[in-house]
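Okay, here's the structure, questions in a sec.
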Amino acid sequence: MEGNFYPLLKWMILPPLAGFVLNGLLGKKFLSERAGGILGSLAVLLSFVFALLSLSDLLNLPAADRLLRDTLFTWISAGPFTVDFALRLDPLSAVMALVVSGVSFLIHVYSIGYMHGDKGFHKYFSYLNFFVFFMLVLVLADNPVLMFVGWEGVGLASYLLIGFWYEDPEKASAGKKAFITNRIGDAGFLAGLMLLAAVMHAGGVYALDFSTLSANAQLAAGASFAGVNAAFLIGVLLFVGATGKSAQFPLYVWLPDAMAGPTPVSALIHAATMVTAGVYMLARMFFLYEAAPAALDVVLVTGCFTAFLAAVIAVAQRDIKKVLAYSTVSQLGFMFMAVGAGAWAAGVFHLTTHAFFKALLFLAAGSVIHGLSGEQDLFKMGGLRKHMRTTFILTATGWLALSGVPPLAGFYSKDLILEKVFTSGAGFVWLTGLLTAALTAYYISRLLILAFMDNYRGREHAHESPAVMTVPMGLLAALSVVGGMAGAAWLLPFLQPGAPPEHHSALMIAISVAAAAAGIIAAFLITGRRIGGGHHAAWCPRSLAAAWPRLHRLVYNKFYVDEIYEALLLKPLARFADWTFRVPDSKVIDGALVNGTARLFMSLGRTLGAAQTGNAQFYAIVFMAGLCLLLAAVLAGYYL
Amino acid sequence: MRPLLLTAAFYLLSGAILAGAAGTVLLRRPLYCALSLLFTLLATSALYILLGAELAGLLQIIVYAGAVMALFILAIHMTGQDEPLKTPPLPRLLLMAAGAAAAGLFGLLMLAATRFFIAFVKLAPEPYSVAEQAGLIFGRYTPQFELLSLLVLAGIAGAVVAAKKKL
Amino acid sequence: MMIGPDLLNLAIYLPLAAGVLIALLPRAKEHLSGPLALTSSLLAFIPALALYTGFDPALPGMQFAQDLPWLSALGARYTIGLDGISMLMFILTAFLAPIAVLSSFTAVKEHRRFYYASLLALQTGMLGVFAALDLLLFYVFWEAMLIPMYFIIGIWGGRRRIYASVKFFIYTMAGSLLMLAAILWLYFDHQSRTGVYTFALTAYNNSAAGGTGMLLFLAFALAFAVKVPLWPFHTWLPDAHVEAPTAGSIILAGVLLKMGVYGFIRIAVPFFPEAAMTAGWPIAALGAFGVIYGSLTAWAQDDIKKLVAYSSVAHLGIVMVGVLVLEPAAVSGAVLQMVNHGLSTGALFLCVGMLYERRHTRLMADYGGIAKIMPAFAAVFMIVTLSSIGLPGLNGFIGEFLILFGAFKVWPCLALVSLGGVILSAVYMLGMYQKVFFGPVSNTANKELPDLKVREWLCVLPLLALIVWIGVYPNFFLRRIDTAVNDYIRLAGGPRPVFSLAKGEK
Amino acid sequence: MENPKTLLDLIAPLLLVAVPAIIALLVRPAWAQRAAGIGLAAALFNVAVSAPANILPFGQSLVYDPLTKLFWLLILAAAFAAVVLTPRAACAAELPANEYYFLLPISAVGLMAMLATGDLIGVFIALEVVSLPLYALAAARRTAAGAEAGYKYFLLGSFGAALTVLGIAFFYGSVGSVLITSAAAISGLTVTQAAASAGFLLIMAGFAFKAALVPFHMWVPDVYEGAPTPVSAFMASAVKAGAVLILFRLFVAADLPLYYKIFWWVAALTMAAGNIAALPQTGVKRMLAYSSVAHAGYLLTGFMGGKAAFPAVYFYLAVYAAATIGAFSLVAILEKEEKGVTLDGLRGLAAADPAKAALLAVFVLSLAGIPPLAGFFGKFWLFAQAVRGAAPGLVVIAVLASAVSLYYYLSIITAMYSGKGDAAAVPRAATPLTLWLLGAFVLLGGLAADLFLLPAARALPFLP
Amino acid sequence: MIHFLPLTDSVPLAHIVGLGVAVFAAGAFGFLVRRNLIVLLMCVELMLNGANIVLVAFSRAPASPDPQVWVIFMFAVAAAEAGVGLALAVLIWRRLGTLDIDALKGLRG
C-alpha cells in the first residue's frame, strides 16, 4: 500500500469544484462566454491529466496490490462511527475516473458550441463542473458513505441540469421527477448501507472503508436479518439504489423525461457517466455479491428484462433523443446482466465502450437538433447526409458500434457479455439478450435511416455544426472504433489481474454478428419501404405501425408505465396526504381535541354563569343546601 | 307544687315562643309579623328569667323588644308597605327546597345534639348576680365589649351612609 | 472576567438588561430601538463564543458552574452550568438571536421598543433554560420565556395571531403544569428519603422506578413532548409559526422546539432511566410516525410557512428517535440535528419572511418563476431547501445519517419508517420550490420584485456559512458533544440491547 | 422600641387606625383620605417596628404575638393600599368621602381585632365589625346596582352570622370553652364529639362565607360588581385574607382527618367553579371576582399541608392580595362613572397608556401564576404543601384549574395589547406610586420569597 | 335515654336546645321563603334569638355565667345589624320603589 496520503487524488477532484465556484459566482458579470467555457473545460482537462498521472503511478505498483489512498480529514466521528473523507484509486476507480473526466472534457468543449448564446451559459458550465466534481467523488470514494455523498450530489446536478430551462414547467417537473425517483433509489441504497453497518458493527468491525468491508464480507453472509440472509438483503437493497440511479426497471421512468435537459447534459449525465454509477457501485461491492449468489440472480434477471423492455419501446419512438434514452436504459440492462452473470469486469468494459459511442450518438443528435434549430422529431428529418456530412459519418460510426458490428467497440463488449451470460448457464437470459441485441441494431438503424437517408422532410434550413462541436465528436468516434480492441487487450487484465485470458469461441462471435446483421437488414427493409423506396418485397410490412397498430400504439406510449405509476402511486399518495391534513389534523386533533376541550369549558362556564340568577334567596338556599350536605358528611362520620 | 308549676310554665313558654315564631314567618302583613316577633321576644325573655338568666331576660325586653322592634315598626311605616305584597311567592320547587333545607338543618343539629343531652337544667335556679356578670364584662371580655362599641358606631355611620339622600 | 461562570451570567442576562433599557427608551428615540437591540444581541454573542471556545470537550460534567443560595426556605439554589449539549444549544441561541433581530428591522413597524425588548427577554429566557441546573430555576426560565413569545406572536403576528398566541401559551402551559405536580412529588419524595430539601438536577438522577417512576416520567415527557412537538401534541405549531412575525418564527423553530428535546435529554430520561427504557420505544414510535405524518401534512399545504411548520414536526420526529435510542452515534446525530434544524428551518423562515415582505402573501399559487426575477434569492433558497431535505454535503444529511445508522442497530423498523419520511421531504420541498421558483412568471405582481438587499444578505449569509460548514466538516461540532452524549447515555441506563442479527444458518 | 409594657402599647396600632378614621368623619371631604391614609401608615410603621411580647392582659381575648404581628402587617398593608388607591374622581362623584374614609379603616380595625383574639366570641364580634361597614359601603353607589349589591351582601352576611352564633353555641355546649385552642379537644371528646364537630362546622361555614368558598360563594360576583371598585378590592384582599387565616387557625387547631376530606372537596369545587365560571365573562370586574373565588380554592389546597403550611399560605395571601388590589384599583381608575370596564373597553390600552397596561399585565400574570412573577412561587409552594399533605390528586386538579384560568387572564392582556379601541380615550391620569410599589412587589417578590417565608416559619410555634 | 317530668323542677337540656334550634330553623325557613325585605330582617332576628336560647340553655348545663354575658353581647350585635339592615331596606325602597326581593335581579350572569 502506497501509504494513505497519495496527494494526486485530491488534485483530481479540486479543479471541477473550483470551476463550479468560479463560474457560479463570477461567471455572469465578469467572464465572457468564451472565458467561462474555457475555464469549465480546462478544469475537467486538469482532472483528466491528473487521472492519467495517477494511473501511471498505479501501474508502477505490483499487479497484486494496486491501491493508492488519500485521506484528507476525518469527516464524521460520533461514537462507533468514524467516516473519513478519503479517496481511493484502484484499477476499477482508475478506469472510471478516466472515462468520467475524459468524456466530460469532450462534452464540455462540445457544449461551448452547443450552448452558444444561451442566457445561462456560465450557470450551465458551473453546474457541469459541479456534476463532474461529485461524479469523481463518487468514483474515488474510499467508503460507501462518501460514495453516497457523490451519489446524491450527481442526483442534484442532474436535477439542476434537467430543469435548466426552468421557465418551461414541463422541464422543471421532469427535473423534479428525476430527483425524487433517484431519492427513492437512494433510500434503498441507504437502507442497504444501514444494514451493512449494523452487521459490521455487530461483528466488531467499525471502519467502513472498502478494504475492511471486503475483508469482512463473510460477516454479512453469516448474519441474518428478520429471517432473511443479511448479505442477500444488503445486495438487493444496494441494487434498488442502483436501479434508481442507473434507470433500471422499475425506477427507469425518469430517464426518458430527463431528455428535457440540454443535449450535452443528456450525453454526459444520462448516457456516459451518472447512469453508470449503479454498475460501478455493484462492481465496487462485488465482494458482497460473491457472498450472496441469489442477489446476483436478481440483478441478472432485472437487467435482462429492462434491456429487453427498453429495446422494444425504443423501436417505436419518434423523438430522436427518446430513442437514444431508451437505448441507454437497454445498454445499462446489458451491463447489469454482465454483473449478474458474475463478470463485473465485462460490465465495466461495456460501460466504457458504451460511454464512448452513446456520448457520440447523443452529441450527433445534438448537432442534428442544433442544425435543425430545435427540431427533434425523426419523421420531420431525413436526407441530412447531404446537408450535414460530417455529422452523418460520425453518427454512422456510432451506429455501427452500438449495433455490435465488429471490429468496433460495441461488438467486443456486448459479445463478451453475451458469452459470459451463456457460460454462466442462464440460457433463457442469453436468448433474450441476443434478441435485445438484434432489436438494438434495428432501432439504431431505423434512427439512421429516418434521420439521414432519403430526402429532407422538414422545413428548417439544415446547416452543419461548427468545428468546436464536430471535433470532440470525432475524437469520440475514434475511441468508439479503437476502444473495443484496446479494451479487450488491455482493460480486462488490468481490472482483474489474476483472471484467465478471455478466449472468444468462434460460434458465439458468429451468433452475435448474425443477430446484429438481422437487426440492420430488417431496419433497412421496413423503414426503407416505409419512406417510399419502391423495390422491396411485398411480404415486408410497410411499417410496424401498419402491421400491428394496437401493439404499436401500446409500445409508442411506453406501455403506459408512467400513467400506471401516476394512478397507482402518486395520485393516491397525494390524496392521502390531503386527507391526513384535512381530517385527522384539522378536524380530529385540532378540532375535536384541542378546540373541543376549549369549547367544552366555555359552555360549562356559561351554565355556571346561568346559575348566578341574581336572586339572593336562591343564593341563600344554595348556602343552606351546601351546609346541610357538609353537616351530613360530618355527622355521617360518627353515625355510619 | 311550685316545681310542677315551673315545668308547666316552661312548656307553656316554649309553646308561646314557637307560635310567635310561626306567626312571624307565616303571617301575610308585615305589621302583624312585627307584632308576632314582639310577642316571641317577650316570651323568650320570660324563658331567660325562668332559666335564671335574669339580667339577659330584662335586657332583652329593654334593648331587643323595645328599641329593635321600634326600629321595625318605624321602617314599616316609613316605607308605607303595610298591605301584603302582591308578588307571587317563590316557585314551588324553591319553596320545597327551602323547607327541606331548614328542616334538614334542624334534623341534623338535633341528631348531633341529642346523643349527649342526658343533662338536666334546673328551672328558676339561683341566678348569677349582676355584679358577677358585670365583673366578667369589664374583666375578661373588655376587648369584646370595646369592640361592641366600635360595632355600634360603625352601624350608625353605615345607616347614615345608606339612608342619606344627597352627599 | 476569565472564561467562567460570571461570563456565563453576562451572556445570559445582557440581553434582558438591554431589553429593559430599550423598553424604557423615550417615544422620540423609538427608531433607535432596532439598532440598539442588534448591537446588544451581538454583544451577547461574544461571551457565548468565548465560552464555546473555552469549553474543554474532554472534561466530563458541567463547566462554568456556579452555585449561589436563592430561596433557602424552599431549598432552591441558583445553580447554572453548561455541558457539551447545552453549550451547543447555548451558542445556537446566541447565534440565531442577532439574525432574528436584524430580520425584523423592516418587518415590524409599531411598538418597536416593546418588540425588541420582548425579543431580547426571550433570548435571556432561552439561554437561562439551557444553563439552569436547578429544577426550580429551570422551570422558572422554562415558563417565563412563554410570556415574551406570547407577546411577539400576539401583537405583531398575522391575521389569526390572537387565537394562535393564546393556543400556544395555554397548550405549552397545560403540559408543563403537569410537570410542576411531578416536580413537587419528586421534591418531597427525595426529602422523605434523604431529609434534604433540594432542587439540584444531579440529586434527582435515577430518582424513581417502578409504577410511580413511569407515571412521573410520563408527566415530564408530556410537558416536553408538547414543546418538541411530538405527534399528537403538535397542532399548536402550525398556527404559532404561521401567525408569528418572521423573527418570531425563526426563534420559535430555531430554539424553542429544541427545548422540548433538551428537556428529555437533561431531565426526563436521566431522572427515570428505567421508565425511559421501557417507554422509550413507544415515544420514539410517535416520533417516527410524526416524520411520516409531518411530511404528508406538509405536502398538503398551499401556504409556504405552514409547509415549513409541518416539516419541523417531521424533522423533530426523527430527532426524538435519535435521542431515545441511546446509541452514541444516534444521540450525537440527534443533538447535531437539533442545531441543523435550527439553521435550515430558521433560514427557510427568513426567506419566506423576505418573500412576505415583498408580496405580503404566503400562498404558493401567488408566486411562480421567481428564480428568473430574483436569481440570487432563488440560489439561497435552493441551498436551504437542500439542507432541509438532508442532501449530503450539507448539514441536514450529517444529522439524519447518524440518527438513521445509529437507530437502525437498535430499532430497525423505526429507522426504516424515518427513512421513508426522508424521501417524502424531497417530494414536498421540491414541489414547493418548483411552484414558487420555476415555471413562467404568471403573476404580474411578481414582475419587478427586488432581489436580496444588503441587510437580507447579512441575515442569511451566516446561516448559509454554518449550513455548509457543518455539512463539510461536522467534526468540529461533534467532537465537543461526545463526552456529554456519553454522560447522557450512562445516566439513561446504558446503551440499549442491539437488534439481534442472529448468526443464523447460512 | 422596647417591648410594649403597657396595655396602650398593645392596642396602639388599633387606635392609630381608629382615631384618624373618626377624624376623617369630621374633616373636610378632601382631607378625609389623607387622614385615613396617615392613620393606616402610622399603624403599619408601629407594628413593623414593635417587637411582640407575649403579655395577655385579657387572657386569650387580646393576644399580641409574632403571629399577630404578621397578620396585622398583612391587613394594614392591604387596607392602606385600598384606601390610598381609591381614585379621587370616584370619591367625589359617588362615594360620601367622610363616611367612606371612616368605614373602611374601621373595617380594617375589625379585621385586626379578629386576628388578634383567641376567643370565638371576640372573633365573631370582630367579624361583625368588619361586615357592617362593608354592607353600607357596598351600597354606597348612587345606583340601583349599588343598593342591590349592598342589600344582597347584608342579607347573606347576617344569615351567615346567625349560623356562626348557633355554631359557637353548639361548640361551647360540647367543648365547654370558646377558645380557638380548645378546638384541639374535639378529637378527644367521646359523647359530645358529634355536636362539637357540628358546631365547629357551622362556625367554619360563617368564615367560609366571608372567604367565598364554593357552596357559599354565589354572592361574590354580584356584590363585587355592584360595590364601588375600591371596596371590592378591600373585600377581595383584606377580608378574604382575614377569613382564610381564621379558617386556617381553626382547621389547624382541630386537625381532624374528617375536615381534611371535607376541605379537599371544597377546595376542588371552589377552584373549578371559580375558574370555569370566569371563562365566558366580558366584564373585567366580574371576572376578577370569579378569579378571587378560585384563589380561595388554591389557598385551601395549601391547607392540606396542615400546620407547617402556614408560611406558604401567608406568602400566597400577601402576593394574591397585592395582585388583586392592584388589578381592582386599575379597574377603578380606568372605569368611567357607572359603566364598568369590559374587555372591549380595554382594547388598545397598551397604545394609549402603556404604564397602566404593563402594570395590569403584571398583576394578571401573577394571578395566573406565571414565573418569574411572585404568583408562581406562591402557587408552587402552596401546591408543595398539598403534596406533602399526601393530596397529590388535589394538586393535579389545582394545576388543571390554573391552566383553565390562563384563558381569561390572557384575554385581558390580549385585549389591552391588540388593536385600537375606545380605551384610547381614557384620560391620561398619573399612575399612583402605590400601584408601582405593588407592581414591583408582584414582579420581584417571588425571587425574594425568603423575606416572607422565614419569619412566617419562625412564627409557627404560636399557632394554636 | 330521656325521661319526662318526674323531676318536676328541671327540664331535659335537649328540650331547651331543641326549642332554640326550632326557632332558628323557623327563622331560616322564613328567610328563605318570604318576599318582603323587612320580614326577612325579622326572620334574621328570629334566628339570632333561637341561637341565644341555645346559648342560655348551655349557660345552665355546665353552669357558667359566661354564656349569659355573650347573650347580652348578641343583643348589641343584633341591634346594630337591624339598624344597618333597615337603613338599607329604606334605601332599596327609595331607589327601587319596592321592598320585593325579586327587584334585586340587576346583577347576574
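We call the chains A, B, C, D and E, going by the order they appear; numbering starts again at 1 in every chain.
Quick note on the criterion: a contact is a pair of C-beta atoms (placed from the backbone, for glycine too) under 8 Å apart; a residue touches a chain by one contact, two chains touch by 3 or more.
As the structure is a prediction and not an experimental result, all values here were calculated from the model.
Novice: Going chain by chain, each one touching the next, work out the least steps from chain A to chain E.
Specialist: Contact-graph shortest path, chain A to chain E, evaluates to 1.
Novice: For the interfaces B-E and C-D, which has the higher count of C-beta pairs in contact?
Specialist: Between the chain pairs B-E and C-D, B-E carries more contacts.
Novice: On a CA-centroid basis, which chain has its centre farthest from chain A's?
Specialist: B
Novice: Find the geometric centre of each of chain A and chain B from their Cα atoms only, then give the gap between the two centres in Å, rounded to an integer.
Specialist: Roughly 104 Å, centre to centre.
Novice: Could you grab the centroid distance between chain D and chain E? Build each centroid from C-alpha atoms only and quote it in angstrom.
Specialist: Centre separation, chain D to chain E: 28 Å.
Novice: What's the distance between the Cα centroids of chain A and chain D, rounded to whole Å?
Specialist: Here the centre of chain D sits 78 Å away from the centre of chain A.
Novice: Suppose each chain is reduced to the average of its Cα coordinates; what separation in Å results between chain A and chain C?
Specialist: From the centre of chain A to the centre of chain C is 37 Å.
Novice: Going by the touch rule set out above, which residues of chain C reach two or more other chains?
Specialist: none
Novice: Check each residue of chain B and list the ones that touch at least two other chains.
Specialist: In chain B, 90, 98, 101-102, 105, 108-109, 111-113, 141, 144, 148, 151, 154-155, 158-160, 162 touch at least two other chains.
Novice: If I count partner chains per residue in chain D, which residues reach a count of at least 2?
Specialist: 121, 125, 128, 132, 135-136, 139, 150-152, 155, 159, 163, 166, 170, 173, 194, 197-198, 221-222, 281, 407
Novice: Mind giving me all the chain pairs that touch?
Specialist: Chains touch in the following pairs: A-B, A-C, A-D, A-E, B-D, B-E, C-D, D-E.
Novice: Over in the complex, which chain B residues touch chain D? Could you list them?
Specialist: Spelled out, the residues of chain B in touch with chain D are 108-109, 111-113, 115-116, 139-144, 147-148, 150-151, 153-155, 157-162, 164, 167.
Novice: List the residues on chain C that touch chain A in their complex, please.
Specialist: My answer: residues 167, 171, 232, 234-236, 293, 296-297, 299-301, 327-329, 331-333, 336, 369, 371-372, 386, 391-393, 397-398, 401-402, 404-406, 408-409, 412, 415-416, 419-420, 422-423, 426-427, 430-431, 434, 437-440, 473-475, 478-479, 482, 485, 498-499, 501-506.
Novice: Could you pull out which chain D residues touch chain E in their complex?
Specialist: Chain D reaches chain E through residues 121, 124-125, 128, 132, 135-136, 139, 144-145, 147-152, 154-155, 158-159, 161-163, 165-166, 168-170, 172-173, 176, 178, 221-223, 225-226, 281, 286.
Novice: For a test of understanding, state which residues of chain C touch chain D in their complex under the given definition.
Specialist: 70-74, 111, 114, 136, 139-144, 146-147, 150-151, 154-155, 161-162, 165-166, 169-170, 173-174, 177-178, 180-181, 184-185, 187-188
Novice: Given the complex with chain D, which residues does chain A contribute to the contact?
Specialist: Chain A reaches chain D through residues 598, 601-602, 604-606, 608-609, 611-612, 614, 616, 618-620, 622-623, 625-627, 629-631, 633-635, 637-639.
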